[in-house]
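Provided herewith is a single structure, encoded as structure tokens, for subsequent inquiry.
As written, the chains take the letters A, B, C, D, E, F and G, and residue 1 is the first residue of each chain.
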């Protein structure tokens, strides 16, 4: 166990371990993730759902420019929480790897393979000096060989596959809600419902169609698609 | 929450996170932006307006040499606030990317694409060691496919699209004014009016044509143009 | 002998020795290993067994995505304990070396040779500046020339060959159990039994088939194989 | 606002911002400029005047070797204040850029373009680690397309165009004098007079022809020329 | 003379001298050697003997995998004490140099030449920054031109030739024993006896054939050979 | 103004300015110059004289090996004061530049040009990190186009041309003497006399021919020549 | 003058000057030289003598492996004092330069030229960061054009030519003895006598032939030769 003073001795350099074997910079980068608004992923048998909180600070800000949902390839998308510019950089890396794979093997990259490329990139920034870790977590959603897949990457470079998961602020409350409400046999529509209900769980005010982003990757078409604001509005209306 | 002493432990190296997940050097670079005189952007249906505060310290200084309005390409311009030399460097980067795109695809770069190139460049300076972040914010104004676009870049490498926005000193007062007065159906002329009125909102003294820079990107022509001092004077006369 | 204060003077830089000749960063990396859930290896005359603890934090997490068992080549596998992303990186290195060897000599890499490649890689990170050590230990299990082999690598880059060994949390309790129960003439089946019993030794709750990973490398076939959940369940049922 | 102790926490590394957004190393480099003897530039309709204080410490020192006036190209010259060797290095950079431009476009470099090349070079030293900023300011005087131009560069990499300006010690007193006395319709001769009177304003003793350097760039000829000591003496005699 | 506090001021960076001309990091690396179990070398007229302490921590550990005796080339071997992974790296370097020499000159490398290659490599790590010294000592034993040779390398990069020498824990007690008991006219058999007796001198418990490694380089055959456990057992039996 | 404590905060890194705009490392390098024995240069109409103090610590030391007078090229020589090895390195740089110039333009390098090459080299070491400034000053004496020239370089990279100048210990006393005694119409012989008298001014004991080095560059021949000890003795005899 | 506390502020980085112009790391490296056993050089008309103290710590250590006398080329040798591995590295550098010169000019390298190559190499390590200075001094003895030459190199990169000189422990006592006893007309035999007597001057016990190394470079043959132990014994017998 480390006291406050001792912790400070080990948390200012990315490349060192603390006496109890922790990498503080990586743990602080996880705090940067928690400072971001929430993103939620739900995997159903028909496909994967990504829902993001994109409330804006000002009515003059274009909500569409809030970078929380990212198309990576035709069949894969990502939702992020944390440091916005870091997310964009990681997603760019994912897009490049995806294209490289297409060119090399003439087929879409597997969702797991893609996630591994991303987490390998993240890990480098936690071991080699001269740079800080990425202060962002991603939910990578896609379809491989007809199977919906949903992965999470964290600032340490670890990935996990989930049935349903939340990242960002209020993660634990939302995750608890998901664990209570998730069912294996959800349809994609029910998945969107569940994710939106989970998101409102972590908030005081009501969700608005402009303040929420929704995307799906359908198992049949294997296509990533962001919903129009009107579509989102319909889901929200149905919720009440 | 961090006390004063603890904050100092984490804010002297660009590449590290504080225990609560913040990058202090990036936040301090935002302070450098606030130390700069204000720049304002207003998007209308007919085009985009950029207005900058370019009061000079001395009557012997040529106002035209105050680098706050920058032509990036025929159809894109930028206004800056913060560290002047950093702004010039970022704008140069934007110009190069713009030319590269023209050569490669034989068409003008999209305003969003251009903004992304700029913010990717900015992000690098917040993650990799050996350099400080850029102490400047930009408003990138242009027309893509006939659509007026207005983006803001900040020292973290985040970009946002705005209907109307202010950067630099007195940002919050000016932004509040814009939120009150902005209307969706402004003409370009009304946009110039609004921006000038917003600028004077943040100042004690009266605006002079020499102390203000105005530029527009017209939706039809898709051309960036800086107004002559006389044109600016007419707008200012009309304001009163 | 070093007091608490003096220790701190030498443990924050990887490239230096303490006055009593220790490399603290390497020792702290060993603590990172102890923070990981346990992995166990047992060598029998018929082959080698790897058993890993892969309990998940949430019912929504896919147990199959917990990266603790890794196929390295047809005839070699690895189990890890400690920093997950570091493990993946080391295993990737092992896979590459394995393929290089196959291409160069047209035959499978020896298990000892492979282990040496991995530990040489680890050692570099303990001597040259600009990076931290790997916070992970591996059990490398395979068959060379019909002989089952089981090696352990630690964060200092040392390797040891074992008849039976545990890494990760509760190492000492499990290792003690193995020393008491191990016999030279175990069959592969009995080896799986022993490893599972050893794992439950270090835990309060009962093992579940989903929370345990089992893999074997059979001496005859020289093939690495992860057991299906059902197969694991049968072993667990038989234990009781 | 920062107290004395807090300032010290942020001023020893060039690549970092202070909490209020300042780059102390750049501000200290400006102090190095103030420690240098004064240089003055005056732009008239007929050309540009540069006047420098080159008093020597010893009668045995050759005044001609005091490096304060620098020919950059046929049509451009510079006057410096601050760290002498830094000035020489910057001027060399300017000369090279000037020659590169001539070779590439077969015409003399624009004075504004040249100034931009110099300030870009300066900016690099304020953002990238491993070097200190340039401790020198330059006045760049020249003629482009028949137009006399006068620019100032500062250690942050900012440039400004002036009608008349002073750098170095006593800047504010001299600048005040220039603001009072400058007129738009000065002849080149009157410009020399003004600059010499401004220089004597900042000094206790009388100016001597040996202790002053004077250079002009004539708008018609577009040629940089340093005055002979006798010519300077005539101006000084006329002043009294 | 340095007090405790002053010593700490100079011992944390490899590349600096203390005021009294010492390199503390090198001295601490020598402590790492003393932390290792002992290795002993004895040169006789008939060849050279290496004896190493390879007691294992656990009965499940394969003693054969304890890396303390290393074949370098047909005619040269090494015994190490200290940091195990560093030893392996140094021995690899020795093997490469040995092969390079064979290829270049078509004859076996001289033992002295080989030792020099190793110590030059070690010295680099004590002078150039960015890495720590090697925390290991080697005994290099071999036959050149029919002459048995025995060299020691230490962490400073110094080498010495010995008739009989010990490295690692209990060095001084064992070395004293060797000085008392060594005779110039030992046979190789008697050399093995002497080394084993010396090793037991530094231990409380009795030597076991499994806990000891013995190797010889015979002067006639010029071949490095590790003894089988049975052979070692015979020597141990004869000792009593 | 800086107190003692504050000065220490800024003088340990070469690449930073102090709050009052000084580069302490450069100023400390000037102290290294003052620690060196004196060197004197005197320019006359017939040529240039260099006189150096080369008293030796021991009668067994060969005075001829004291490196204070350096031939740079046929027509240029240098005298140094300060860090001996730094002087040799700078002089080597000067020699190379001199040869490069000869090869490139087929004529001897100008003395001013040569000095500039040397001071540019010196300046680099005051701005870019990773090295300390040169702790040496040079007097560069030569003949260009029949004109005797005498330049001084200092550790900041500044050069000055002198009629007569001293560097090293007792600089101010000697310089004062030179200012009193120097005359424009000195012959070369009288120049040697003056320099020797100036040197004895700064010393308590009498000059000996072995303890003094004298060199001249004659304007007619344009050849650098070190005087034999006997010649020096004659001058010294004549002085009394 | 610096107090104890202030000295510590400047002595931990090789690349910086102290306020009084000293390089502490170089001075501490000189302490490393003083920690080494003594080496003595004596130049006579017939050649140069090198005598080194090579007492060993243990009777089992081969005195011949104590690296204090080094053949550099046929006509040049060196004796060292200080850090043994540094000496070997410097001597290797000398040997390479010597061979390069032979290949390039087809004649033996001059002793002065060789010394300059060595000291230039040493100087680099005192100015450029990332490495420590060499902790060793060399006596370079040889014959050039029939002339015996004897140079000393120190850790600053300074070289001096001597008639007779001592380095290492007890330097001042031995040097004083040499100054009293040296005569210009010594024969080579007498030179060996003198050096041996000087060495015993600095020691309490008697010299033994095994504990002393003697080498000569004869002026006629221009060949470096180490004396056999018997030869040394004869000189020692004659001394008494």
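As a convention for this text, a contact is a pair of C-beta atoms (placed from the backbone, for glycine too) under 8 Å apart; a residue touches a chain by one contact, two chains touch by 3 or more.
Listed by chain with UniProt protein names: A, B, C, D, E, F, G = Proteasome subunit alpha.
None of the values given here were measured: they were computed from a predicted structure.
Enquirer: From the mean C-alpha coordinate of subunit B (Proteasome subunit alpha) to that of subunit F (Proteasome subunit alpha), what's the distance rounded to whole Å?
Expert: Chain centroid spacing, subunit B (Proteasome subunit alpha) to subunit F (Proteasome subunit alpha), equals 54 Å.
Enquirer: Taking the mean of the CA coordinates per chain, how far is subunit C (Proteasome subunit alpha) from subunit E (Proteasome subunit alpha) in Å?
Expert: Spacing between the chain centres: roughly 30 Å.
Enquirer: Using Cα averages as centroids, what's the distance between subunit B (Proteasome subunit alpha) and subunit E (Proteasome subunit alpha) in whole Å?
Expert: Computed value for the inter-centroid distance: 68 Å.
Enquirer: Which subunit B (Proteasome subunit alpha) residues touch at least two other chains?
Expert: Correct list: 13-14, 129-130.
Enquirer: For this assembly, give the contact graph shape among line, ring, star, complete and other.
Expert: ring
Enquirer: Touch as defined at the top gives a ring of chains. Read it off for me starting with subunit E (Proteasome subunit alpha), then subunit G (Proteasome subunit alpha), then onward.
Expert: Result for the ring walk from subunit E (Proteasome subunit alpha) toward subunit G (Proteasome subunit alpha): E, G, F, D, B, A, C.
Enquirer: Touching subunit C (Proteasome subunit alpha) in the complex: which residues of subunit E (Proteasome subunit alpha)?
Expert: Against subunit C (Proteasome subunit alpha), the touching part of subunit E (Proteasome subunit alpha) is residues 7-8, 11-14, 24-25, 28-35, 58-62, 64-67, 82-86, 88-89, 92, 125, 129-135.
Enquirer: Could you pull out which subunit B (Proteasome subunit alpha) residues touch subunit A (Proteasome subunit alpha) in their complex?
Expert: 6, 9-10, 13-23, 116, 119-120, 122-123, 126-130, 151, 156-165, 175, 178-179, 182
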